[in-house]
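In the two assemblies presented below, chain A is common to both, partnered first by chain B and then by chain C.
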Partner chain A sequence: MGDYKFAKDKLPEVLSGLEGYKVFAPTVAGDVVRFGEIDDPSKVTLDFVNSKVPPKELMFPETETLFKYKMGDTAIEPAVPDATAKRVVFGIRPCDAMAYTLVDRLFNWDFNDPYFNNRRESTTLVGYACEKPGANCFCPSLGGAPAGEQGLDAIFYDLGDNYYLKTLTDKGEEFAKAAGGALEAAGDADKKAAEVQADAALKAIKRSVDTEGIPENLPSLYDDAFWEQFSDRCLGCGICTFLCPTCHCFDIQDEIERYDGRRARMWDSCMFSEYTLHTSGHNPRPTRKERTRNRVTHKYSYFPSKFEVIACVGCGRCTGNCPENIDLIDILEKSKEAAGKEAKSA
Partner chain B sequence: MVDQNKMRDKAREVLEGDDVRRLIGWKRGTYGFEAAPSVLKDASEVDRLIWDPTCVGNLAGFLTLEEKRPVPRGSEPDTRKVAVMVKGCDSRAVVQQLVEKAYDRDKVVVLGIPCTGVIDRRKAEAMFGEQSEPVEVSEKGDKLVVNIGGESKEVDKKDILADKCLRCRFPNPVVSDFMLGEEVPVAGTDEFADVAEFEKMTPEEKWKFWEEQYSKCIRCYSCRNVCPMCYCVECVATKLRPQWTRRSTDISENTAYHIQRAWHLSGRCIECGECQRVCPVDIPIMTLNRRMTRDVKEMFDYEPGLDVEAEPLLSCFNPQDPEDYIM
Partner chain C sequence: MMEISNPYLPYIVNIEDAWYETPVGDRAVKTFKVNFEDEKVWETWNHRPGNCAMVGRLGIGESMFCISSSPTEEGYLRFSIMNSGGKVTSALHQLEAGEKMTVRGPLGNAFPMEEWEGKNIISIGGGIGQAPLRPVVNYVRANKDKYGELTVIYGARTSDLHCFKPEFEEITAEGNACHLSVDVEEEGWDHFVGFVPDLLMDVKPSPENAIAVTCGPPILIKFVTQNLEKLGFTPDQIYTTLEERMKCGIGKCGRCNVGNMYVCKDGPVFSYATLKEIPEAFA
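Entry: the complex of A and B
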């Protein structure tokens, strides 16, 4: 595929020249970096490590209408997004793009979810290689990398005065064509500089976990007091799950105003007590202990047992945003020790 | 000053007694500038306890956060006491919980910490960047010494302490069974200058401000869950039948949630600032709470969380109460 570059000050020109695409990119809204549709390219920021809210919301919005209806009428009006309306996500981090490839499996397991799939299909992902990883980043432990290419259609690197853009798929090449005149051909020096940067970024990652054996061992800790050292200080809030790029649970609710109704789905969190609450009042996960266990075991054991891959990309958001220092890497490391003890006593 | 060894000795003594089932304190975090809350169940664990300016969290919330587990038939629930370490501001939460009869006074052992201020993680990260290793912070007069990777840097307290600490009027716990150090002098005053500053905005400017802030809200409910005064078994914000606030996130529902919370905390908020600390999208939640606090103080001469014998403001009536409040 192609190698291109463009001067940094040409960025607004590149983004505004994309005919036929809806453009999504990171912006700062009230001090928080988050992805959204761009009407003014000058508002795009590329000064961030990881966006606060992951761009999973571009495929799986916080709240989305599934269909609309009128009270007293059995007809429904579906609100499935158009798979042919071209979109580009510009500036997505490699871990967040990799997360889409994991969640794809869930949304196409027993049912092909047209809401998620149509957005995926219509979207071109232009990644932004990480130059300086965050304090809690550990993507290499999950098979990713600061300049990883999984799931991406193109990737660009910040090389000081220029951005170096490498296209990876036909969709990526189509994006480069649409950007057109603002791009110029990149040389070997640019490619080399990108490689050097990718290597340096990989070395700058400070945290890691060896996931070997974890999916097999976690279920042995099901009834273990092990979880309490973490769950005792859990607030039971939704930060870790809502900010996780692979968490995909949702609730479905009907919202009615006079005669106009809609069925909508919205993010739900297994850390909430209502999540497993039965109508009878019984709750099979009655405390934060069972919920903490479920969150970690789902990602690192149940998901891989079904889909052959751990449902985590090592972005570090759950760890870095937990107000009470519930640290996923710490849990995983300690689980190995606890599982070893469990095996001995069994 | 709190002597860490004496603190651990006291914790050991408390846990060795057969009437205490757990002790809530702080331990070193796994990374960065904040200590982690830690729940100790055995006296052998006391060595992990720490006290320093990284101990920002208000642990009083954990007193009401703990779920009542279903008790198997034939066995009795564990009704032994819970011990908790509190700073001055945190202790007001314990008082207010007692005022509201959240639990009985004899079910909690309060270990009081005279506090000279805790750091604000956001300010620290703005100065030093995010850190992958735990950072140690100690006090040296008007400065804090921040130790990052073996290198010490001195910072003026006024630049790194949490805003609430800079105007703190209650550095010494207002309720305690044991004090873990000598009382410290009270230096702060609070004239609600931040509220007055905010009020300079026109209603249109204020709405624009809140619209931008509440649009960010992801409704993770961390502000509610961390709040030591938000301990309803079923919260009106997430109740499904009847449903007062929709689960969908949009400016209308988000605003309803936040205004509802502010009202439910009026006359109850003890200003520990935990809601704002934990907010992942940096909504200045305390701005609204502080306005309510000022109104309550001016109109009713009432400050919550100071007197265990006080009646909850909204549960008592005085013929002299101002009525211009009621539309």
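Entry: the complex of A and C
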């Protein structure tokens, strides 16, 4: 695939020249960086580590209509997004792109989800290699990297005065063609500089966890008091799940306004009691202990047992945004110790 | 399983008939006999005993229910629904023959009826728990030559609360064993008095070349399973169905997992051999 570069001050020109694409990029919204469709390329910011809200909402919106209907009528009008309406997500971090590839498996086992799939299909992902990882980043532990390419169609690096753009797929190459005149060919020196930067960023990652054995061992802690040391502090706010790029759970609700009805799905969280509450009043996960256990065990054991991959990309958002400083890596490390004890006493 | 291009879109069904199985009131059970508004759906519809479907109303929502008719009962589907006081079951209970509801399915796995050919089938149910067992019983009745003996064991708190009453007489008249019970003595009741697990011990079915399927409240499933083991049934001869809160019914929305199994898709039918390995199955 191709190697390109463009001067940093040409970024607005590159983005505004993308004929036929809807462009999604990070901008400052209130006091956080968030991805959204842009109308003014000059507002795009690349000055962030991980956006507070992951761009999962671009494939799986916080609330989306599944279909519409009129009250009193039985005609159902699906609201499936158009798979041919081309979109580009510019500046997505490698971990967030990798997250899509994990959630792909969930949205396509046996039943294909046309809402998620059509957005994925119509979207070109242009990643932004991380130069300075965040304090809680641990993507290499999950098979990612600050300049990881999983799920991306192209990736660009900040090389001081220029951005170096490497295309990885046909979609990425098509994006480069659309950017057209603003791009020039990159040389070996640019490629070399990108490699050096990727190595340096990888070395700058401070946190890690050895996942070896975790998927096999977590279920043995099902009845263990282990979980209480974390769940006792948990407020049940659900931020760890809302801001997780691989969390995919949703609720489905009907909404009516006069005669206009819609069935919609919206993000839900396994950290809420109502998530599993039966109509009878029985709740199979009645306290935060069971809910914390399910969140971690689902990501690190149930999901890999079904889909061959841990449902975590090591972005560190759950840890960094928890109001009680509940630390996922800490849970994982301590789970190994607890599982060891469990095995001895068994 | 049929191909559904958009698995979130329901079919519209016409309610051809609707009746109460139990006295009207709290937790009443109402059966709906329905047919697709678009009869062409039958060309691709293919359900098996044990499969479920999302049943609902536009503007209200949908919940997961077992399809309580066997595929051998052609030209209609049946759902027997308890009014649990929730939004969906309350709204469904308001519906009568001539009205419409929505059905999305078939969903979930099924009882391995082919694998069980040649075996004796023992159905052990309590209350509304008979709804997922009814398709098994009726499938075996319709394919008599393929199975051994059929034994139906069923009970409820009172005889009023027995679902599918007229069918038990038919089952007996066809020469099958049918044992009914009520939890407490009542006037005019000359069958067994006691809980279903006790009725099971009274009947004492042989485990030889047999499969036991059971469904009812969790406490019934627990003691029936224990008693079946006492009678010599091995865990792989015992089957049940589970239920959890569900939204999507297709293994995506997350909530119905017990351990690494999604009840909506990997279930609802599980052998006791499988469930024994999942502590959350009994949570």
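Here, the second predicted complex is superposed on the first by the 346 of 346 C-alpha atoms of A that agree within 3 Å, B and C clash if a C-alpha of one lies under 4 Å from a C-alpha of the other, contacts with A are read in each partner's own complex, and residues count from 1 in each chain.
By definition in this document, contacts are C-beta pairs under 8 Å (C-beta built on N, C-alpha and C of every residue); 3 or more make two chains touch, one makes a residue touch a chain.
Worth saying up front: this structure is predicted, and the values here are computed from it rather than measured.
Chemist: In the superposed arrangement, does A:Y222 touch chain B (first), chain C (second), both or neither?
Modeler: So A:Y222 only meets chain C here.
Chemist: Applying the document's definition of touch, where does A:Y275 land relative to chain B and chain C: first, second, both, or neither?
Modeler: In the superposition, A:Y275 contacts chain C only.
Chemist: Check the residue A:Y69 against both partner chains and state whether it touches chain B (first), chain C (second), both, or neither.
Modeler: Only chain C; A:Y69 stays clear of chain B.
Chemist: In the superposed arrangement, does A:D251 touch chain B (first), chain C (second), both or neither?
Modeler: After superposing on A, A:D251 lies in contact with both chain B and chain C.
Chemist: Which partner chains sit in contact with A:P323 here, chain B, chain C, both or neither? Use first/second/both/neither.
Modeler: First partner only.
Chemist: Under the stated touch criterion, which partner chain does A:S305 make contact with: chain B (first), chain C (second), both, or neither?
Modeler: Touch status of A:S305: second partner only.
Chemist: Go through the superposed model and pick first if A:I239 touches only chain B, second if only chain C, both, or neither.
Modeler: The answer is first: A:I239 touches chain B but not chain C.
Chemist: Let me test your reading of the model: by the given contact rule, A:N136 touches which partner, first (chain B), second (chain C), both or neither?
Modeler: first
Chemist: Taking the superposition on A as described, I'd like to know which of chain B and chain C A:G20 touches: first, second, both or neither.
Modeler: neither
Chemist: From the superposed pair, tell me which chain A residues show up as contacts to chain B and also as contacts to chain C.
Modeler: The overlap between the chain B and chain C interfaces on chain A comprises residues 251, 253.
Chemist: Which bits of chain A are touching chain B when the two form their complex?
Modeler: Within the complex, chain A touches chain B at residues 29-32, 34, 52-53, 62-63, 134-136, 206-207, 228, 232-233, 235-239, 242-243, 251, 253, 255, 264, 266-267, 269, 272-274, 286-288, 319-321, 323-325, 327, 329-330.
Chemist: Inside the complex, what are the residues of chain B that reach chain A?
Modeler: Spelled out, the residues of chain B in touch with chain A are 29-32, 34-39, 57, 61-62, 65, 67, 69-70, 129-133, 212-213, 215-216, 218-222, 224-226, 238, 240, 246-250, 274, 277-278, 280-283.
Chemist: Touching chain A in the complex: which residues of chain C?
Modeler: These residues of chain C touch chain A: 1, 4-10, 12, 37, 58-62, 84-86, 89, 100, 244-245, 247-248, 250-255, 257-260, 265, 279-280, 283.
Chemist: Which residues of chain A touch chain C in the complex?
Modeler: The contact residues of chain A facing chain C are 66-67, 69, 71, 74, 76, 78, 80, 106-107, 109-115, 219, 222-223, 248-254, 256, 261, 263, 265, 268, 270, 275-280, 284-285, 290, 294, 298, 301-302, 305-306.
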